[in-house]
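After this come two complexes, each holding chain A, first together with chain B and then together with chain C.
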Partner chain A sequence: MTTYIIRRILWGILLIILVSALTFVFFNVFPSADPAILRAGRNSSPATIAHIRHNLGLDKPVYTQFWIYMKNILLHFNFGYSYYSGASVLGLIKDRLPATLSLTVGAAVFWLLAGIPVGIISAVRRGTLLDRAAMSGALFFVSMPVFWLGLVMLFLFANDIGRFHVFPGAGTYVGLTNDPVKWFTSLIMPWIVLAATSAAIYSRLLRGSLIEAMGEDYIRTARAKGLTERRVIWRHGVRSAITPVVTILGLDIGALLGGAVITETVFDIPGIGRLNYDAIVHSDFPIVQGTVLLAALFIIVANIIVDISYAYLDPRVRYS
Partner chain B sequence: MTDAGPPPQGESIAGDDPAPAGGPLLTVDDLRVTFRTDDGIVHAVDGISYTVEAGKTLGIVGESGSGKTVSSLSTLGLTRSRNSQIDGRIVFEGRDINAMSDEELRKIRGNDVSMIFQDPLSSLHPFYKVGWQLMEAMQAHQSMSRSAAHTRAGELLELVGIPDPKRRVDQYPHEFSGGMRQRAMIAMALANEPKLLIADEPTTALDVTVQAQILALLGDLQRRLGTAIIIITHDLGVVAEIADEIAVMYAGRIVEHGSTGQIFSAPQHPYTWGLLKSIPRLDNPRDEELVPISGRPPSLINRPSGCYFHPRCPYVQEPHKRIDPRLESVAGESDHTVACLLSTDIRQRIWEGLQTGRDVDSLKRLAASGNGRSAPATIPAAEPGEEQ
Partner chain C sequence: MRVSRNLIASAVTVLLAGGLAACGGSSSSSSSGGGSNSSTSSSAQAIPLKPGENPVGQQLTGKTKGGTLTVLSNGDFEHLDSGQAYYALDYQIIQATDRPLFSYPPNSVSTVRADLATTVPTTANGGITDGGKTVTVHIRTGVHYSPPVNREVTAQDVAFALERGANPNVGNAYWPAYFGAASPAPLLGSTSSKYQGGPLPGITTPNKTTIVFKMTKPGAPLLIDALSLPLSAPLPPEFVGPLDKKSPTTYGTQFLVATGPYMVQADKTGKIAGIGYQPGKSETLVRNPNWDPKTDFRPAYLNQIKVKVGGDSTVIGQQVLKGSDSIQLDTVDNSIVKQAYQQDPSQITFTSGSGDHYMAMNTQHGVFKNVNIRRAMWAALDREAIVKARGGALVAEPGTHFIYPGVAGYDQAGGAKGPPVDFNKSVTGNATAAAKYMKAAGYPSGKYTGNQTIQVVLSNAGNGPAIAQIVSSAMTSIGLKPKVSLVDQSTMYSKYCGVPKQQIDACPTVGWIRDFADPLSVLYATFYGPSIVPTNNSNWSQANIPAVNTAMVKAALVADPAAHVQAWANVDKMLVNEAVAVPEDFDNEPQIESKDVAGVNQLWNEGQWDFAFTSLKNG
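Moving on to the complex of A and B:
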């Protein structure tokens, strides 16, 4: 098991190096605005632009730029500085991460609290009106694009532009340590929007998985043992059915930590996704690079955690 | 259901009497189980009756789809669902299981009546240790501490002959071999010292050598613990070893019922003959051919007319396709019943012919010779003649 984990971690590191190289290549190969001109502003002289270009190191050959860039990352853990503001990329990410973390973890709690009970009830009461209503609802939420649902929510419930002034609207995010109550209320709508699709997916997934599990022979054994139906469902059925849910939960959280770009943009939350979006718009390569690497890191780590958790969920995995 | 069904074999059905002193442990009376499916109504069990005495073994034999598993699952109420309909009575120690609430039934399951299944690997939960699963069975019915239950789990594994039980108790099912898993299932079924153990094809998924061990274990445990056993199998060889009585099922009905000796020495039903001739026996000539039963088990949705076995019966006569035979006593053997339209005499001569290796065509002629006298085609209720 330990060798397996070490091997997975080494592969992960290699993958991150590859991702950083690829990001660099993409950014240089594909057309984008000249960062030096963008920074110099309107009506600047060619000398100023050349000066800026030199300062940013953009006048060096591409392979030298690549070398310096990789060396900084690998040896100094330095992700560079924003072409625009000159701020440290690592510092920016550290500033933005709490918002993304808040959004992701809160949304995950929401979609698990909604998706798991709905999935279990639908599976246990399979074929009933309740099941059909729940699954139709799930289909509805799965089909809704996040940006659309976000805008509709704002239009209906935001306390500035909404029809019903219920929740704080876009751009009201406050850090948890500054004002926990405001933090909570400002995130309710983004959480719901981000959780809606996932809750629907999770309930359908768990329903299918639990229906399959409840048809297994060991469920019949559990009933024949004289266990209560409640215990049969939870300790025997759900225990087996939850494995695929844990898998996609890990991957979803990993992906969202890399930045929920649309949700953060719609609700104007200063998170990683928003940072990434702004950087792309401004050709601010070091920030794009930093956020992409962060996203890759989260996804790789999430994958490793999912694989390790498998061994704890299913004892048969440990020996193969 | 138009026919009144066979007369109950046990005259004394316990009824609502809560104290069944001396009565049978289990009485199944005219049990019918149907399932609603998209294709139609499946008549899985179609009016069967039998009794099991305390400490005795009943073998239920039949092909896949003959209703033998469904009938035994019903004994534990495990066929209850929105799509099933269960009629008749299943009286265990004087209480009708069909009339019980789910909670009353739960208290009987695994406690007074327990069950083991065909495939011990899929029947044990793959994520829990064997000992944990045994402890769960005990703690569902008794209040006992974790450590006491754990100790008892080890003792149970030892009882069923699992070596090194202290270590095995903390292992997962996938670390057990097939035979060991079935032993663990038996240990789990015995955890609360049940009065009745239902074994559904307990040896089918196992190696032949292990099969004999498991059967020997069941017999041994029965002698030591006094547990009554219902063993369900398609293999007459299995029941020959441990059953006191045998019920042969076909298409949801019992077609023959007698003591193990009667079934093996003087079988009455052509289907039983088929089962017996399709298994090798050491006491038969070595060059004897095994004869498979031709055809397939009938659909339980659209059942054949007349005798359900008639499409596959080598000795079928015209009236048999219309007349539904009842389970009746064999002449001279009051505890041996059969549902066959051939006369007792003809049956006896055909069975003797089969024993001596006469060719089937001459036996078919023999069956035809009794036709018209024993089963008048005009009378819908079957009256197989007692004399030729």
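Moving on to the complex of A and C:
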């Protein structure tokens, strides 16, 4: 097991370097705005632009730029500085990460709390009105774009622009340590919006998986041994059926920690997603690179955790 | 000479609708409604404005003091350094924190007044001498910097601020055009390619309150206009100089001082980063404790201004309309404009003369080298459809020439109808005129029969795709075969339309905003041949017509105001005759405010909010 984990970590590091290289290539090869011009401002003289290009190191060969960049990351853990504000990329990420972390973890709790019970009930009560209603609801939420649902929620329930003044609206996010109550209430709607689609997907996924598992021989054996139906479902059915849910959960959390751009934009939450989006708009490459690396890191770590958790969830899985 | 910045949307295009220039403002105390709000324009709004929607005549004085204004903006600032700022959003901050030598009062679109200076120099008061080659400016006493500098402002500080514009670490965008080598009347010593800031023979300070400008040509009126730009706001060399040694300077991103009524909240060292300014998140303006109202014409009613950056523009719009103490800083979403116009007329204003858009056609390469094909293109384009695509008659009107409403010379150049040439007559497209010019171009069928494909590059933001369809349709109608590329706005400018060697045939979503009332600031950078540069080029048509170039240089130096304006109007007519581009629309900028805000628009500056005049009704 330890060997397996070490091997996965090494592969993860290699993958991050590859992601970094690919991001660098995409940024340099595909059409994007010239950062030196953006930094200089429109109508700036060619001399000024050349000066800025030199100072940002953009006049160096692409491979040299990449080497310098990777060297700074690997040897000094320095992700560089924003072309615009001059702020440290690491500092900006640290500043924005708590908001994204709050959004992601809370939403994950929401969608697990909603998706898993609905999936189990639908599987167990397969074919009933309850099952059909639950799956129709799931289909409804799966079909709704996040930005649309977000706007609808705000226009219905935000306490500033909503028809019913229930929850704090957009732009009300405060840090957990500043005001825990405000932090919680300001995130209720974003959590619901972000969780809605995932909860629906998870419930459908778990339902299908559980229906399949409940038809397996070991379930029949468990029942034959006289175990209660509740124990059969939870200890033998769900434990086996939840493996694909765990897989997708790892990926989802990893991806969202890299930034939930749309939710963060609609609800005006200053997280990693919005940082990344603004950086892309401004061709602020160091920030783009930093946030992409962060997202890759989260996904890789999440995958490793998922793989490890398989061994505990499913007795049939053993790593060597 | 500012180009408006669109918010660029890629992954969330639908969420963040791009608009042209941010601008506008409003006053619930605005006067009459209806009609044009430009003092020099005869054009009329296609849709009559309701009472309160026209900012002309807004109340500037005698309002309630105190309170905190919340400013919502989905776009961030670019530069807070007065030496670097060149974007409408930035100007709104700079106007509240810095004091240039001259300023436009918010209700004026054409007349500067003394700000840090004691008077506007004229020949009569001895401020303009040497046949217009020398300008002497006296500055006020009693103006002090905010902490930590605290000391009184001197003329030497103004000289330093101006000279640092040429410092590559600052890289002021308009220094070359108004003060340096590209200016029609450069300051003495500024034309040297080696000059990179520091003492300049053209700027001298005989004493602490006097600064003298010497030009190589008699360009006094132009210089005085240019000194209304933020670059002339004084800066303390002992504080800013060391920061300027870094590349780029850290003044404006890390540290800032103020001379105006407000300052960006800072610590004891003047550091703003992470305190009063958090990039992409927020900015807080507080009162400058060293500001003396006796030295200023700004009332500065508000105690504090909190800017929140980020969010969706439709949500922001609703928050402003339904909320309190707030305004929207940047582009208002079209759906919000419509709602406010119909339901909340006291909370929205429309300022005409806030820029223009046009389709630049490459006059140096490809089919558009032929002036008759350019005229045919002009005739074929449905400009009314473009106005609709931009949001309709409330926010735009069809463009008919290049000096737009509000800029001196607009009426003389043809007003709303524009010059009476047949290819300009119908704003909905004129197939007959288009065919006529195609025949004149050598295509007897009235349609292009060559093999060249037309490379069209335009912005993918907001209404870009709709405009692409309208332009493609017009091109196809005269036989051209367009190949359209939609890219984000900054890429459009920095990689394609602003790079002549890319040989892009047409750029249909370029736009321009004046720096001041002089029509030079609309036509010079955009159509003057020698202004073409290999990168970051703003002469997108690459117009280089000797007769026009000569006329521009002459017009720039005409001292008599009426003759000056007429000379530029004549240049405009020449540009129309050459069809260097197709004017698409003149813009009217909408701005929204909460019910309890008495906002004031800067009519000279696209109707931007003037924080130094805006107040809360209840304080």
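Definition applied: the second predicted complex is superposed on the first by the 312 of 320 C-alpha atoms of A that agree within 3 Å, B and C clash if a C-alpha of one lies under 4 Å from a C-alpha of the other, contacts with A are read in each partner's own complex, and residues count from 1 in each chain.
In this text, a residue touches a chain if its C-beta (ideal position, glycine included) is under 8 Å from a C-beta of that chain, and two chains touch if they have at least 3 such contacts.
Owing to the predicted nature of the structure, the values given are computational and were not obtained by experimental measurement.
A.B. asks: Determine, for the superposed arrangement built on chain A, whether chain B and chain C clash or fit.
C.D. replies: Superposition result for chain B and chain C: fit.
A.B. asks: From the overlay on chain A, compute the angle at chain A's CA centre subtended by chain B and chain C, rounding to the nearest 10 degrees.
C.D. replies: 150
A.B. asks: Contact-wise, after the overlay, does A:Phe27 reach chain B, chain C, both or neither (first, second, both, neither)?
C.D. replies: Neither: A:Phe27 stays clear of chain B and chain C.
A.B. asks: Using the superposition on chain A described above, determine whether A:Phe184 touches chain B (first), chain C (second), both, or neither.
C.D. replies: It touches nothing on chain B or chain C.
A.B. asks: Give one of first, second, both or neither to describe whether A:Asp217 is in contact with chain B, with chain C, with both, or with none.
C.D. replies: The first partner, chain B, only.
A.B. asks: In the superposed arrangement, does A:Phe66 touch chain B (first), chain C (second), both or neither?
C.D. replies: In the superposition, A:Phe66 contacts neither chain B nor chain C.
A.B. asks: Figure out whether A:Ser240 sits in contact with chain B (first) or chain C (second), or with both, or with neither.
C.D. replies: In the superposition, A:Ser240 touches chain B alone.
A.B. asks: Who does A:Ser85 touch here: chain B (first), chain C (second), both, or neither?
C.D. replies: Once the two structures are laid over each other on A, A:Ser85 reaches chain C alone.
A.B. asks: Return the chain, chain B or chain C, that is in touch with more residues of chain A.
C.D. replies: Tallying touched residues of chain A, the top partner is C.
A.B. asks: Quick check: superposed on A, how many Å separate the nearest Cα atoms of chain B and chain C?
C.D. replies: 44
A.B. asks: Quick check on my understanding: which residues of chain A belong to both its chain B contact set and its chain C contact set?
C.D. replies: Residues common to the chain A contacts of chain C and of chain B do not exist here, since the sets are disjoint.
A.B. asks: Mind pulling up the chain C residues that touch chain A in the complex?
C.D. replies: Going through chain C, the ones touching chain A are 1-3, 7-8, 10-12, 14-16, 72, 76, 78-79, 84, 86-87, 168-169, 171, 173-177, 193, 247-248, 250, 253-254, 273, 278-281, 308, 310-312, 314-316, 318-319, 322-323, 487-488, 490-491, 493-495, 498, 525, 533-536, 538.
A.B. asks: If we count contacts the way the header does, which residues on chain B are in touch with chain A in the complex?
C.D. replies: Touch residues, chain B against chain A: 76, 78, 82, 102, 106-111, 114-115, 117, 119, 122-127, 136-137, 140-141, 172, 174-175, 185, 188.
A.B. asks: Inside the complex, what are the residues of chain A that reach chain C?
C.D. replies: 31-34, 37-49, 51-52, 55, 82, 84-87, 92, 95, 147, 151, 154-155, 160-161, 169-171, 261-262, 265-268, 270, 274-275, 277-278, 280-283
A.B. asks: Would you mind writing out the residues of chain A in touch with chain B in their complex?
C.D. replies: 127, 216-218, 220-229, 231, 235-236, 239-240, 313-316, 319
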